[in-house]
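Several structures are given next for inspection.
Both complexes shown next keep chain A, but they swap its partner, so chain B is in the first and chain C is in the second.
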Partner chain A sequence: MTNMLTIRTDGGRTWFRPGEIVEGDVSWLLDTDADDLEIRLFWYTSGKGTRDVEIVDSSRTSVPGQNGNRSFRLQASDGPYSFSGKLITLSWALELVVDPGGVSERLDLVIGPQPIEVQLGRPDGF
Partner chain B sequence: MVFDRRARLRIRPADNPFASHRIDALVFRSTGPKPEDLAERLDALGGRADVVGPEGSGKTTLLEELSRRLDGEVALVPLSGTSRRPWSTVTARLPHPVDGRHSVLVDCAGLLGAAGRLMLRRRCRNARRLVITSHQPGRLPTLVDCQTSPELLADLVCELTPEHADRLDPILEELFRRHHGNLRLCFRELYDAFAGINGKFSILNSQLSVAPPTRR
Partner chain C sequence: MRLSISSPDSQGTGCRSVFGKLVGSVFFGLFLGMGLFFLVMLIGETVRDVATWRWDPTPCTIVSSEVVDSGDDEQPFEASVRYRYAVDGQEHLGDRVSRGANTESDFGKAQRRALRYEQDSETTCYVDPADPSRVVLERSVPWTALMILLPLVFVVIGGGGLFVIWRPARAPADQETVSISQEARGRAGHRVLLVMGLVFVVVGVVVFVAVFMLPMIRLVRAISWPEVPCTVISSTVRSHTSDDGTTYKIDILYEYEYSGRTWRSNRYGFLDVSSSGYAGKKEVVDKYPPGTEGMCWVDPEDPTRAVLDRSFRPTYLLGMLPLIFVLAGGALVAHSRKVARKNRRSADPAVIAEPSGGESVELESSASPAAKFFGIVLVALVWNGIVSVLVWQVIKGWQSGRPDWFLTIFAVPFVLVGLGLAVGIFYFALALANPRPNLVLLPAQPRLGDDLRVEWRFTGRSSRINHLTIVIEGKEEATYQRGTDTHTDTEVFATLGLIDTVNDWEIGKGVAEVFLPEDTMHSFAALHNKIVWSIKVEGEIHRWPDVDDEFPIAVLPLKPEAAR
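Here is the complex of A and B:
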């Protein structure tokens, strides 16, 4: 059997304004019992150079059992916004992690004033 | 990817084939021992060894690969970027005490200096394994001598961006030579090429071009 993790936001939203509450529910069906499940709201960078990551809010469920579901309510910070420049993309995501084992599921989000990430810098252009 | 006003393809940093997370995910490859044979080779050397090679030759990648293949408790101590107080990083990362359960892997051990390396060997005298990386062979036997080549660069570029590998192939040998075999610097310049950052090469709309000199 394969572990199955699902993350759903209320209304299927993937865009939230800075500081907004991110609500939804998660469900899991695991091969074995887990000690903990954690749902995290975090941002991370990717691109050129060292990567950064920050967990802004999280919620943990102890002794979740092999299957179940529960709701979550996390709060986004006022910043940073989702953006892409030339050197860095900053992305937001929800992640559900099983401990032990590290099995996880991720749902990408946009946090910012608009439904798409902010585009920084001028286009490549000679 | 998004298109700018001039309808040129603009790549997001996260989607750049030479973004750091893609480089970090590359599996070490060499003409020497295979990754799956490294642990056995290390134990055959008595558990004490050096990974040797110039900058950007994959020593860190190999050390990380090795850390995943060793049994027991592994302490990976990265010293790059800690040139001011590397010994503080070592003491913070080492188990207390270091004993026969531990394998200690120290990246950029050259930053410790001769005295620091001596202290490290003493501190880890009871460790099950000790592996360091350095630019030149030293007192410890060599586990792997990391050497790069234009062919290796081409192989890695093909893995990172198979759709552009043919277009990039003509420039790789010159790129390799200009950066003296430092693959990390080659990847950074290739990142810039895909990101449209002013440089010698650029990838625009899937076309490789040599940028004109920048006007000042």
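Here is the complex of A and C:
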């Protein structure tokens, strides 16, 4: 048997506006008992630079057992927006992490004023 | 809850090839081996010093006490003290003053130690209860414990390097199962920087006090010392040979009378350290052949202290060099604090939620012309100061008729960089006379979607500017490691023109407005990745360094009601 972790947002949404509440539920089916489960709302960078990561909100469940489910409610911050440039891409995600073992499941989100990430171009100056 | 931290990205650094791992292992292995070797030595020495404090205090009688020739060329003087003591009714004879070597290069130190134990006087010695033949007059203060930090730095660097090279690679698991948020936990690289910085500062301060402050204090005190006649007994240049080459020291032993008693000293000046350069020291020694009658200055409070030359010499200023270590250490400490602060807080100003007020703000340039000038002067001084040692060695080789070609060729690129820095000083000195732009921004904290108003006014002769351009620029800044070097790449993603003119009446002062698009990115500053907005002012001046200033601004996200 393999570990199965699932993250679902209400209505299957993957776009949230800055500062919005992100709600949904998680479920798990594990090979062995876990001590803790944590659902995290965070952003991370990828691209040329060394990765930066920041957990903005999280919720922990103690003694979750081998299987179960629960709902979550996490608060997004006013920024940074999801964006993509030539050097840097900033992405938001929800991640469910099992402790110990570090087994995890991730659901990518877009957080910004528009349903797609901000695309950095190069407008002319004059 | 907010936690911010960073970790190597998929671009990965680290040497992953077998050759790279081997080279890295040898390099860090040497660090670790040397560090462990000296660490064990120092710990052993400290333990043995501490052990003397458990030895039994025992009455003893001084049999003889005098300064003798130790036979060591570098530390030729030794306080030879012999004493009698009894343990369990059996009499013993001891001759160790303290643990370790009791030899000195300074006659006065040996003399002061010998004077503490007058012949036939009663004192206390300390006997090892396990072996009564092991005895000392003075228990050792374990100062060596303070030096343990130094090899510890080597151990941390060596061990850390080996760990990074050989730690198991992450399992090539499915991307979905590798936790990214986990990287925000438990990194503390800034603490290593902090420790290294503090070690640099402490070592730099200690060496600075020892080789500059103390000699200067003695020099000032010696101004009031009485002058007495003295006779030179011996004079020589002592040499000390090590892996780094041979260094030399003036050693003139002289005799003088003070308070009805004859004393000896071998102190020439207050900076009696062994250093390179034989000829200058030989010249001094030749002035004082044995039997020479001259004058010396004696400390009236402690006549064992005397000096032949109490004048200030430029070489005393070399004692300020350890300040470079203090500055470097201070910079490391400041950087580690900055990293720690960034780890603690969120990526400002991305999440600043203050409303954009209507008040304007006068902007500050990222680096003023004076800061640029003093910055390059400092860099040029440090660089050329270090390179001058190299150049001096090259010149000495050529003067002696035996030029070192390898050293000469090796020195060329360093000298060229030094010359480039000297030219840079000239360039930035000229730029100090440039007209300087002052900018006022309205609103003070602009948001995406705001109309932004910029007022500019030059101080100085703005008529010298032939062409003025002011733009608002948004750029990405990505910092990454390549090998041991840190690189930062930038990419401009937005350029919003404010003014582009050759008209004198527009250049001196003016106002321009621009709309900050809603569909772009606000300012963002994480540890390694940033979105930076700034106003760039460029003014061309014929046959003169151009005006080139940058004024950072913080562009906030859209107003919450507009974003939702």
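Just so it is clear, the second predicted complex is superposed on the first by the 122 of 126 C-alpha atoms of A that agree within 3 Å, B and C clash if a C-alpha of one lies under 4 Å from a C-alpha of the other, contacts with A are read in each partner's own complex, and residues count from 1 in each chain.
What we mean here is this: a residue touches a chain if its C-beta (ideal position, glycine included) is under 8 Å from a C-beta of that chain, and two chains touch if they have at least 3 such contacts.
Predicted model, so just to flag it, every value in this text is computed and none were measured.
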First, second, both or neither for A:I88, with chain B first and chain C second
both
Touched partner set for A:Q114, first chain B, second chain C, both or neither
second
For A:G49, select first, second, both or neither according to whether it touches chain B, chain C, the two together, or no partner.
both
Check the contacts made with chain A and report whether chain B or chain C touches more of its residues.
C
Quick one: classify A:G12 as touching chain B (first), chain C (second), both or neither.
neither
In the overlay, answer first, second, both or neither for which of chain B and chain C A:S58 touches.
second
Interface residues of chain A shared between complexes with chain B and chain C:
46-51, 85-88, 123-126
Touching chain B in the complex, chain A uses residues 46-51, 84-89, 91, 119, 123-126
Considering only the defined contacts, which chain C positions touch chain A in the complex?
1-11, 176-184, 346-347, 350-351, 353, 471, 474, 476-481, 489-497, 500, 517-522, 524, 526-529, 531, 556-558, 560, 562-564
The residues of chain A that touch chain C in their complex are 17-20, 40, 42, 44-58, 77-81, 83, 85-88, 90, 93, 95, 97, 102-106, 112-114, 118, 120-126
Residue set of chain B touching chain A in the complex reads 2, 4-6, 8, 10, 12-16, 18-21, 188, 191-192, 195-198, 202, 204, 211-212
